[in-house]
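Here's the structure we're looking at; comments come further down.
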Amino acid sequence: MAHIGNVLVVPSAAPAETRVMRLRNFWSDYRRSWVAVGALVVIVALLVASFGAPWLVPQDPYDLGQLDWADAFLQPGQTGSGNYVHLLGTDNAGRDMLSAILYGLRTSFLIGISAGVLALTLGISIGLTAAYFGGRIEALLMRIVDLQLSMPAILLALVMAAVLGQGVPQIILALVVAQYAYFARTTHGAASVERRKDYIEAARSTPLPTWRILFKHLLPNVLPPLIVVATVQVASAISLEATLSFLGVGLPLTEPSLGSLISNGFKYIHAGRSWLSIYPGVFLMITVVAINLVGDQVRTVIDPRNSR
Amino acid sequence: MFGYLVGRLIQAMMVVFVMSVIVFVGVYAIGNPIDVMIDPGASQEIRENLIRQYGFDQPLWQQYFTFVGNVFQGDLGRSMVYNIPVTSLVFSRLPATLELVLVSVGIATLIGVPAGMYAGYRPNGIPAKLIMALSVLGFSVPTFWIGMLLIMGFAVNLGWLPSGGRGEVGHVLWFKTSLVTSDGWAHVIMPAVNLSLFKMGLMIRLTRAGMVEAMGTDYVRFARAQGLPDRQIVFGHIMRNISIPLVTVFGLELGSTLAFAVVTETVFNWPGVGKLIIDSILQLDRPVMVSYLVMVVLLFVMINLVVDLIYAQLDPRVRLKGGS
Amino acid sequence: MAKNALCSGIALITLLAAAPAVMAQDLTIGLRAGPDSIDPHWSTLGSQAEALRHVFDTLVDADETLQLQPGLAVSWTPIDDTTWEFKLREGVTFHDGTPFTAEDVKFSIERIPAVTGPMPMTLYTKYVASVEVVDDYTLRITTNGMAPSLPNDFTRLFVVPSETGMEAGNEEFNSGEKAIGTGPYKFVSWQPKGDLVVERNDDYWGDAPAWETVTRREIPDDAARVAALKSGQVDMINYVPATDYLSMQADSSLDTFVSDSIYILNIAPSVKDEEPQPIKVNGQEIDGNPLQDVRVRKALDLAINRDVLVNVVLEGLGTPANQLMPEGFFGYSSDIPAPAHDIDQAKALLTEAGYPDGFEIDFTCTNNRVPGDAVVCEALAQMWSRLGLTVNAQALNGTVFFPAAQREEYTMTMSAWGTLTGEAAYTYGALVHTQDAEKGFGNFNRSGYSNPEFDRIFSEGSQTLDTDARRELYEQASEIAMEIVR
């Protein structure tokens, strides 16, 4: 802050040293909960397993040429025509469920993360713009955001998914529309506080371009609370996508995510083939719970009220 | 106060406007509802007549203005599938949804609040950790999957409860509800529990946070130092303090539970408005889609309004400002 | 089938399961879908007709294979090229006691255009130019041009009393006020998506109805419907999912009934000069449309293993189909050979056509429109991938599929087709005939198939009043539509 002679000193994001230290502090605080550490390990394992699926599992569930109808409805643990054990059984098309689940998990992750990142970007842009410019622009943008937050996300996502049609890009768009408002609100809240601080005022009085002030100075300072929201939103995007697919407006059965796998398996629960819906559901549950646990701990660590 | 009400009303109108535009543009982009419904044997001539009859040949803005004009005359249109006014279609199914929502919010409160209070009262005990872990489960596990597990367990394997549908309906005063028959309760309990889990997780966390905060206040410390029994402190003082935010959340969640009922109603085949909207989406029954959204938004905003008013009454520090 | 489309798929099977009859007089049925309205003239929806035929009678009745039987009309004869005469049943009364006469039929026909909705019943009265009441039990109908299939269309003509009045609409029917028919059961109550309750009509003109009251309950979800049957909430259900069928057969407390459905899954490859979604070889879009080559279509057909589709994919609940209508329908040809499965010959044909390594193609199907459509879709893609093709299969909801199919945006589709009237004119006129808006033909022919020879034979059939001669022509049309690929 402030002028020293004619030299303007604007603190940008923390210098490298302190950044490392902050990270170290963060980690040592995070480590305190072994549950949260466990959850982080689970997420990493799931990410590796799902994105590494092509090298890990015996079958590419999308390559229809690899499937054999003779293998349909094998129970978990049985061996099929491929001479390997189907750990989680097979579905009606003779598809190895473990392979399908990991590929489906990959789709779910892709959708959840891209929706989260896009919603984050959109939300940050709107929130920062509103906070920086203030006045009418702020009033208008935040009114829109408030408006949207007054609608249940599931309804908005449902309507969007219904009118956009089925497919991965469509579902991502629906989720972004349903979720960006949380980021915009959070960014705006944090940025409004930052804005009033002297260094931003000082920066504004210099010929620095607006975008530079926004991204270089305002953004790093509003990022921590956003990270918390983002983790939770990725989990809820994954869960929302599964729900939409279950309701029949998400992904088509032929491009399975965890949600469509569960939905497909639901048809067989009366026929004693419960593994078709139980296992994808267990993976979905573990994923979402783990992400939420991590988000919870991050919140605890960076929330100043919780500092011990 | 008046300005506040007007602001709220304008907000509601804006939401309704945006949602209806999305539905109109969206349905227009997907294609023609007639093509989804029409019988394959129909000739091109019949098809074109129908498209004209329902106004799908007009430009989108004109279709929309016709709709808005009718709305201002109190006419939300007729279902294309059932040919009955959408208002009566929605209202005929609203009681079932309200039943489900009330029971589930009731369950969430009756279990969530005491559990949260306990977790906040002894935050480091094993039971508190367990309660908190369960609350994470409650709001992260997708509703539909829990619903499926409930059906598998209690309906398919154990055979204790019916797997879906609404039970026998009885009369109370001028109401018709399934909550007065034992059959009705047998049907409602599983979907209601399913729908309540998310809210329950939320209630637990809120109550716990309020409890922890209240336990740390000077007042409580002082009362404890004076030797007042904890029971008296918790129920006499803290309870009153945390009840205000809880009432708010209870009200707000009533609205979003209404929206979330869509999922539970589908899993349990519950004949409410949520099931109706899914069906009309899958049939592209535009009038029903729009009216459902209009009605849910209005209901939602109304509940928020009532909650705000109650809140202002409970807490004199809160002033109602226009708009936000 | 045809040079056009339809490597043809399999006929689906309708399946009912029921708890054995108890001595009770009340029956509760769990149904996949119910009526949209109690007004029998509102919609052509199958579940609508199925429900309302218990309350209302049709002018002409149909048996299990949809072949004509006397209904409210006891006989019908063409008097000249454009006039049909119907003799009506005497001594029939409506539920409110008024006698049934020719005026009621005339009123019903004339009411349809005024009240019908987005699934229009006008479909079944499109040939009617005018209706003349000769006496109480004789009716003459003048048609627009020759209309040999008029009696078939009238199997869907529900008769309401002329006292109903033109202004009565859905509300009056749904409330029961105007829900007055001549059928075996009287209307009691109905809720949209809920229960339709009917009670026995003791004065019914036909066989005495078996039940005192019947409740038809809508349970759209397959799993929920099965659960309702197993827990005894309903006595009988329709559309039993194939996957539950086997366990039901083993269950001694349940009976199952199986019969052929009128729906056939058919595959429609676009044979237009430019296919809507590009077909690729090694990622490169290829010139021309390989599907125009009959050898390619034949290869696709030969690669389909219908035994696997029926016995494995549909778990026994299907019949291999070799044409667009089920056996016994008017115009079904028994001279068309059973479909063969020969992957080597298929590969040879594909090589001959210049695609030894196959190609990449989009294949779009309906999802959950009829039982098993999505799984069959996946299975077909799998079978074609054995042929060396890369098939991008997608099973989409009707809301996405139908409008896009109508805009002809898909290269190859699979959907179910039901011959609702039980005769060839309905199916071939809409699905196989060259698109011709003026004549009202080919509305659902989205593949661009056009065969002058077929069109000629079919048109000749549709202008032949003599039943046997017409049947002969339609059977010939069936063979033309199928033989090129076979």
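Structural remarks
In this document, chain identifiers A, B and C correspond to the written order of the chains, with residue numbering beginning at 1 in each.
Basically, a residue touches a chain if its C-beta (ideal position, glycine included) is under 8 Å from a C-beta of that chain, and two chains touch if they have at least 3 such contacts.
None of the values given here were measured: they were computed from a predicted structure.
The most central chain, judged by the distance from its Cα centroid to the centroid of all protein Cα atoms shown, is B. Looking at A-C and A-B side by side, the one with more C-beta contacts is A-B. When chain centres are defined as mean Cα coordinates, C lies farthest from chain A. Taking the mean of the C-alpha atoms as each chain's centre, chain B and chain C sit 39 Å apart. Centre-to-centre spacing of chain A and chain C amounts to 45 Å, using the average Cα coordinate of each chain. If you average the Cα atoms of chain A and of chain B, the two centres end up 24 Å apart. Residue positions 223, 227, 397, 399-400 of chain C are each in touch with at least two other chains. In chain A, the residues that touch at least two other chains are 162, 165, 248-249, 266, 269-270. Counting partner chains per residue, chain B shows two or more touched chains at residues 30, 151, 156, 266, 281-282. The part of chain C that touches chain B in the complex is made up of residues 36-37, 39, 42, 44-45, 117-120, 122-123, 126, 169-171, 174, 191-194, 219-221, 223-224, 227-228, 231, 233, 397-400, 402-404, 406-407, 417-418, 420-421, 426, 429-431, 437, 440, 443-444.
On chain B, the positions that touch chain C within their shared complex are 30-47, 49-50, 54, 80-84, 89, 92, 151, 155-156, 159, 162-165, 266, 268-269, 271, 275-276, 279, 281-284. Residues of chain B touching chain A in their complex: 11, 14-15, 18-19, 22-23, 25-27, 29-30, 133, 136-137, 139-145, 148-149, 151-152, 156, 255-256, 258-260, 262-263, 266, 277-278, 281-282, 289, 293, 296-297, 300-301, 304, 323-324.
The touching residues of chain A, counted against chain B in their complex, run 35, 143, 146-147, 150-152, 154-156, 158-160, 162-165, 235, 239, 242-243, 246-249, 259, 262, 266, 269-270, 274, 277-278, 281, 284-285, 288-289, 291-293, 296.
By the touch rule above, chain A contacts chain C in their complex via residues 63-65, 67, 69-70, 72, 92-93, 162, 165-166, 248-249, 252-255, 266-273.
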